[in-house]
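Consider the two complexes below, in which chain A is the common component and chain B and chain C are the respective partners.
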Partner chain A sequence: MKTRIVFAFFILYFSTLSPAIGSTFGAEEFTLDNGLQVVVIPNHRAPVVTHMLWVKAGGADNLPAQSGMAHYFEHLMFKGTKTMAPGDYSKTIKILGGNDNAFTGEDYTAFFESVSVANLPKVMAMEADRFQNLSPPPEHFSSEKSVVLEERRQRTENDPRALFMEQMDAAFFINHPYGTPVIGWMDEIKNYEWNDVKKYYDTWYAPNNMILVVSGDISAQELKPLTQKYYGGLARKNLPARIRPNIPDAQAITDLTLHHPQITQAQYYKLYLAPTEAKNRADSLALQVLVDILSGGPTSRLYKSLVVEQKKAITASLSYNANALDYGTLSIEGTPAQDITPQDLSQLFEEEVKKVITQGVSDAEVKESIQKLEDEAIFARDSLAGPAMIFGQAMATGSSVADIENWPQDIAKITPQDVARVAKTYLDENNPWVRAPINGYLLPAEKPQMQEDINHVRKE
Partner chain B sequence: MKTRIVFAFFILYFSTLSPAIGSTFGAEEFTLDNGLQVVVIPNHRAPVVTHMLWVKAGGADNLPAQSGMAHYFEHLMFKGTKTMAPGDYSKTIKILGGNDNAFTGEDYTAFFESVSVANLPKVMAMEADRFQNLSPPPEHFSSEKSVVLEERRQRTENDPRALFMEQMDAAFFINHPYGTPVIGWMDEIKNYEWNDVKKYYDTWYAPNNMILVVSGDISAQELKPLTQKYYGGLARKNLPARIRPNIPDAQAITDLTLHHPQITQAQYYKLYLAPTEAKNRADSLALQVLVDILSGGPTSRLYKSLVVEQKKAITASLSYNANALDYGTLSIEGTPAQDITPQDLSQLFEEEVKKVITQGVSDAEVKESIQKLEDEAIFARDSLAGPAMIFGQAMATGSSVADIENWPQDIAKITPQDVARVAKTYLDENNPWVRAPINGYLLPAEKPQMQEDINHVRKE
Partner chain C sequence: MFEKNRKEKWLILALLFVLALGALLLFWGWNAQAKDAKTKPIQIDEIHKKFLPIQSLKTNSGINIWLVEDHSLPIISVQFLFKGAGTYKDPENKQGLVRLLSNTMDEGAGGYNSQAFQKVLSDNSITLMFNAGRDDFGGSLVTLARHKAKAFDLLALALSAPRFDEEPVSRMRDANISRIQSSMSDPDWMAARLLNDKAFEGHPYAQNSGGTISSLQSITKEDLKLFHKNYLSQDNLLAAVSGDITADEAIKSMDAIFSSLPKTPVTTASVKSTDIKNQNSLFVFEKDIPQTFVEAIVPAFDDKDPDFYALQVMNYIYGGAGFGSRLMESAREKRGLTYGIYSSLLDMDGVDALSISTSTKNESAQEILTIIKDEMIKLSSQKVGQKELSDAKSYITGSMPLALKSTQDLASIALSLQSKGKPTDYLDYYEDKINAVTEDDVLRVAKRILNPEKMMVVLVGKPAAIANAQKIEKLPNVE
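Presenting the complex of A and B:
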């Protein structure tokens, strides 16, 4: 599917709006007898709804040597059932005047449709069908492999930044499936077998492993009979444990360097391990404020200092992925200005980080940041798909409806002391890290051209 | 067990003698109906035998989150059967005047006993018993976890070199179980469950997954009825496929740096991917000659140039692990002389490597090296346990008896052109690597002492 496009939107959305969850979504939740968890987020501005089904299985749940299976399977979900031909699903949604898509993350796979509320039953009937009766014609099994391989070629192999990020993740997440790309490794995509694909569906696509989020012109009372009618018949399954090994203590500092012919402008990256919002809410909220102070726009510390004042960087940012099942990350990314090496830029980031560790942040900074995050939360409520995304992603990674609803009140309680504490805890390199941060240098090519014959010998 | 001690001997043995396999071992082989492969290496100098059972499952066959299971299970094999108490196995061997031990590698687990030939039937009876009727008392299940955890503490956690090598392997072997230590990660050893342990035994300990190697005062004709009597009753099992994913293309250069308080002398390491002997015999044999020329003793290139002449290093070596199921490695290791940084030493190694890539090696060097390797092969035949080790390790990683027997003739055919070719193929950094080599810098501590409270926060 158009997975990555949606995913890009999704990342963008969250980097600006994820922390912006107000207490006034007014979400209601209930659970069917078969275990399907349902959340309704009423929004009556227009007679439309966004319907999202989140399956709690993603790239990090694939078996060894079957990387990318969750994502490949997401594609297959559009390839027909006993009564629908391949492609008919999306065609029908389009005829109904709606749109649909799907995406796969490390921890979940999600399918969404936006349609008029009158057409919701039709959508739910089709969803119930493909979640129970998926039956793609055999030729689609292998042709869809080619589609995914091509997707990988375009989005990863031909994008040095994506390729490098993949190797950064692989080096960072020792012994943990977050080190494996969601789309999968080339060799392994090629080798999927139908039995394994079928087993994936039978294992994870179960109502007691799913969350339904409906946002829009509907109430829980109206949705309840529909969910019962369409999804009540999905059979509960015995779910296996999700195998998520711990990252072992890894104190070595890791530097990755890639010279790439497509790169003209050097780029610096750094990855730190960070807590997830669901596992350590107190620290996570304080980190969200810290990240906003350091990197929440043109007046934030990093941009102001490195780009505007010192003019040593063209871009300078810190982002925080808090919504994950196992591990969160803090990511530094920067483009050095002319005559500045990425190593220099690394030092400049280091100095800004040291400043916050040793001197903390001011009352005014925290106040301003909280106000801004709260304002963003108010905007978040305006959208239809946005809140469904927020609830689905947070809940699929262990947060509760209450966590999301209480986010604005909870973030408002963060103090400069909290921010200083988490800066010391998660960014101070004098700490005995569980997993030391890693540095990445993505640089223009400097090596001579490779010889064809050697290429041949090595790749045999 | 005394695994690591034996393993050390084993490594030492192979680094000097592995290539030294003559065609005159006179080995004979046969296979039992249940699939047990048997090799006999006659040696009639004394009325003794070494009996080795190799199970084709090791550290790299453990399931996710069960690292170290193969090694832990090797320990359990000494913890009693329905008729033997824990520890009785080794006690009995000692009473018989023999000795026994076991060790676990990435690809295999091996058990060996050296006894007088008269006592061989007794040993085989005990082996048949523990390979079928293992039944350690429940209290040994958890007490042996403590033993292994303590082994890990002593041999890895308290040895910065071992700790660093573990992190080098983890960074190098992306997506492949060779990145996981054979002894296992601390957290995962603690969490073994009895069902998983039992399943490991039931899955892999099968005659059709084993090789018996007997070296010493016995012939195949004499051994055959004994193997039939004692091992003929072991039941063949359906073996699962060994899941060994490929390392994906990884072009980024990786540098690992660890500052450690126990390190007083900096150390430099480098790891390259290399072919295995079983998968690419021609290249592997040429690499064995190359490695001998570069690092086969005090007159070899690296030692002579870096240590003796330039006096820039205290040690300088290159070693080659060719006997593995999936991937071999070339490992550079060096200790810089005073006032030389490990980065400088890295450059010096680089120059020597470049020299061999651009200028190749001489006829005389190849001739001398082959002569030396052949001489070592003659020595190898003298030992009892040595040949059993060589056959077991090579066969458990995919080589045949003929491969081992023909090694001296085959290595004698290696030419300077072959050596130059493999130097270019496997050591030239201008190649498009499948997996780029990685550098390791193990250095004295330079960081300030960590604060106890931060320690506490981060490790929570």
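Presenting the complex of A and C:
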């Protein structure tokens, strides 16, 4: 790859390597003078690396009436620079024997490439180019809008479950941008103006708003001169404050129902508001243990009780999204067994939740969970891109390298008392934390024979 | 932190998909035939210190094991399959039998009932799974080295003494029925169902490998026991081990796991061959949804054909590459018609094909079909450019190391080579074979394969103005 970016090799390193070698991943971190944070996670299994650049701006940072802008912009990052034709970025990565793509979340946008370590400098040169000189030809603005509209049709409009989850989020996150889908609303995607797109790029794409994570066959010592050479010249910018209003106290439990013609299997959902790992680490780690006790596999409480013993559900799960900037969520999802309504299932989940709120959890349950979670941390290293995902996502939402490295040791300190406390704090719908939960009932369309039944009754 | 989160789940799935694409491409590559490589005998205990050092071992009971040692993490993976014990063996009125077998073999064995078995797996962080392929029945074990003894015991027990207790069997049956009902709101699934039904008409591959709502209800514990007894034997077993284990240990432990299986040869003939049926036909299953899902298929050939490497390269250029492929350039990059369009090679024991899948708004369905055909014609009438060819080769060969991502990958690669009858050092020659493909080779293969008149198409959605469409009123083999 030819690049116009010429940097002197003798640039001084203003920051020093801090070999914060932890026990879990052995990650090292340093920061360039322009504010770019860099994390290296060595893994020498094969001569390959995953390079990920995380920008700390996402769907929740879009301006009003510009929903989905962060995501649309992510697409445009593949549409060429002053020296590179649209689409050539990914083509060049492929010629190098690599894979690349990108994704957008509420709090971040990430670009990644997996290539042989020998080709890493070429990737970094191209990355530096598009982070500074993006210049998509205008005819690509509208064709890429069409692509995003098709993406929305494929992933959301065509999928009643996705459509319903989107509406649940919209109803749940009062006064907060997490209620707006990352991909954006159909009508707003159609109306993006280039000036707004350009403004988005100029505002958020700055080295002091980015994290570089490289995992694979490389050390911090080897990576440091490369980052200095390719990314050292990116200009620091004055970043605006991210506008993230608080969710107000809202005690009303919300119920949402959708009858959809494409649905033949009813589904039950529930969302609770929860703290993030970065904002309240103690509670978040206790919640992670709680969620494992309730929903960590086929012998956990929810599956065992609702599916195996009572036979009232086909699936029953609780998951926890802890890596967000502002608010986390605890999400229940259940498929009712035949002849069970989602409303019945909601009561059964509530009984299990009440049980844990009033009676807590046992020492044995906590001990077993901690062991499992510690083991998961070992398995997490058995991947190339996986560790880069973990670090990027956690750091882009406010956690530190030390938080991630110390996660197993910190999880091990969680006690049954901690778990009981967080169960009470976050799962009690009669005394909710900030915002009461929302129930979602996704149901088949009202059956036509019901109409017949009514007629029948009327005739009589 | 190490758990998947809900909000970004689809984004992570997209990421995994892209990462998997490269690996899949390679997987198909391994199906290819290396003529000169084939004449080299497999040497026991020989270690090839090349792309992937695979050791071929024999246990005391005579079981062949391929091993990839890697001590970088305290993790061990065992992958295995039973050839010819796949879902194509489902009796027509018991479709879903092999799938249900894969769901229930880890639901209690020996003295452990379902919950007890799952609890001991969970308490020792052991992942044990069985899977039902069209041709073969497979399984996978992943464990930390410190729990290996327990893990190997549990696998041996699951293989030799599964219980098929009534509770888990009926629970898994209900889960499958519910899954089918959920799938009825998934156009992607419906299109795949219809494709299998029409492309393999009259062949067991046309059946619903996940079962139908009624067939699942007719499967009994005795059916499961009988299939397990008849088709899971040392005779049709292939196994690979990777990770933190030595050759001596692997020989001993794999012998202990697999020697309890019966030695009785599996007598059934292998799956019969079929061609793609309903060529030059188009079927529509109407659904009132905003986007039409498209599945198309043409006949292809397998690794016994000398042009198989050229087929790999041609598929990459046509639609296998994703970004940069002719289909993606034309449909997405130039016209904005779709979020994605891909072609892939389908290699089953009884049939070989190239399939294409995409989705687009209902009004554009005809336009995208025209692109699929036009790109076929272009590629089969004009030679590819020299750069286009060398770029394709460069990716296919250059991305090989990306397949070595995890302990499990190492065993999977070894197992797939073994399954295709390749030597342990096959991958060392793969690059040369790909690099030998010429523009003429690609053109010749394109002429053979990319023929729109041999194409069968299924559409799910409400496509506008489609000519010569046969309407399907009801999805077959669902209820």
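Observations
The rule is short, and it goes like this: the second predicted complex is superposed on the first by the 421 of 460 C-alpha atoms of A that agree within 3 Å, B and C clash if a C-alpha of one lies under 4 Å from a C-alpha of the other, contacts with A are read in each partner's own complex, and residues count from 1 in each chain.
Operating definition for what follows: contacts are C-beta pairs under 8 Å (C-beta built on N, C-alpha and C of every residue); 3 or more make two chains touch, one makes a residue touch a chain.
Because the structure is a prediction, the values reported are computed rather than measured.
Comparing chain C and chain B on the residues of chain A they touch gives the larger count to C. When both complexes are overlaid on chain A, the residue A:431 reaches chain B alone and has no touch with chain C.
In the superposition on chain A, A:376 contacts chain C only, with no contact to chain B. Contacts of A:243 after superposition on the shared chain: chain B is touched, whereas chain C is not.
Shared-chain residue A:255: touches chain B; no touch with chain C.
Using the contact criterion defined above for the overlaid structures, shared-chain residue A:154 touches chain C, although it does not reach chain B.
In the superposed pair of complexes, A:175 makes contact with chain B only, with no contact to chain C. In the superposition on chain A, A:219 contacts neither chain B nor chain C. Comparing the two interfaces of chain A, the one with chain B and the one with chain C have residues 260 in common. Note for the complex: chain C touches chain A at residues 1-8, 10-12, 14-15, 18-19, 21-22, 70, 72-75, 114-115, 118-119, 122-123, 125, 142, 144, 167, 171, 174-175, 178, 181-182, 184-187, 287-291, 321, 323-324, 329, 332-339, 359-361, 391, 394-395, 397-402, 404-408. Listed in rising order, the residues of chain A touching chain C in the complex are 43-48, 78, 86-87, 90-91, 94-101, 103-106, 112, 114-116, 142-147, 149-151, 153-155, 157-162, 178, 182, 260-265, 267, 277, 288, 291, 296-299, 304, 307-308, 311, 314-315, 319-324, 329, 331, 335, 337-338, 368, 371-373, 375-385, 389-390, 393-394, 399, 404, 407. Here chain B touches chain A in the complex through residues 63-65, 67, 163-164, 167-168, 170-171, 174-175, 177, 179-180, 185-188, 243-246, 248-258, 260, 424-426, 428-434, 440, 447-448, 450-451, 454-455, 457-459, going by the rule given at the top.
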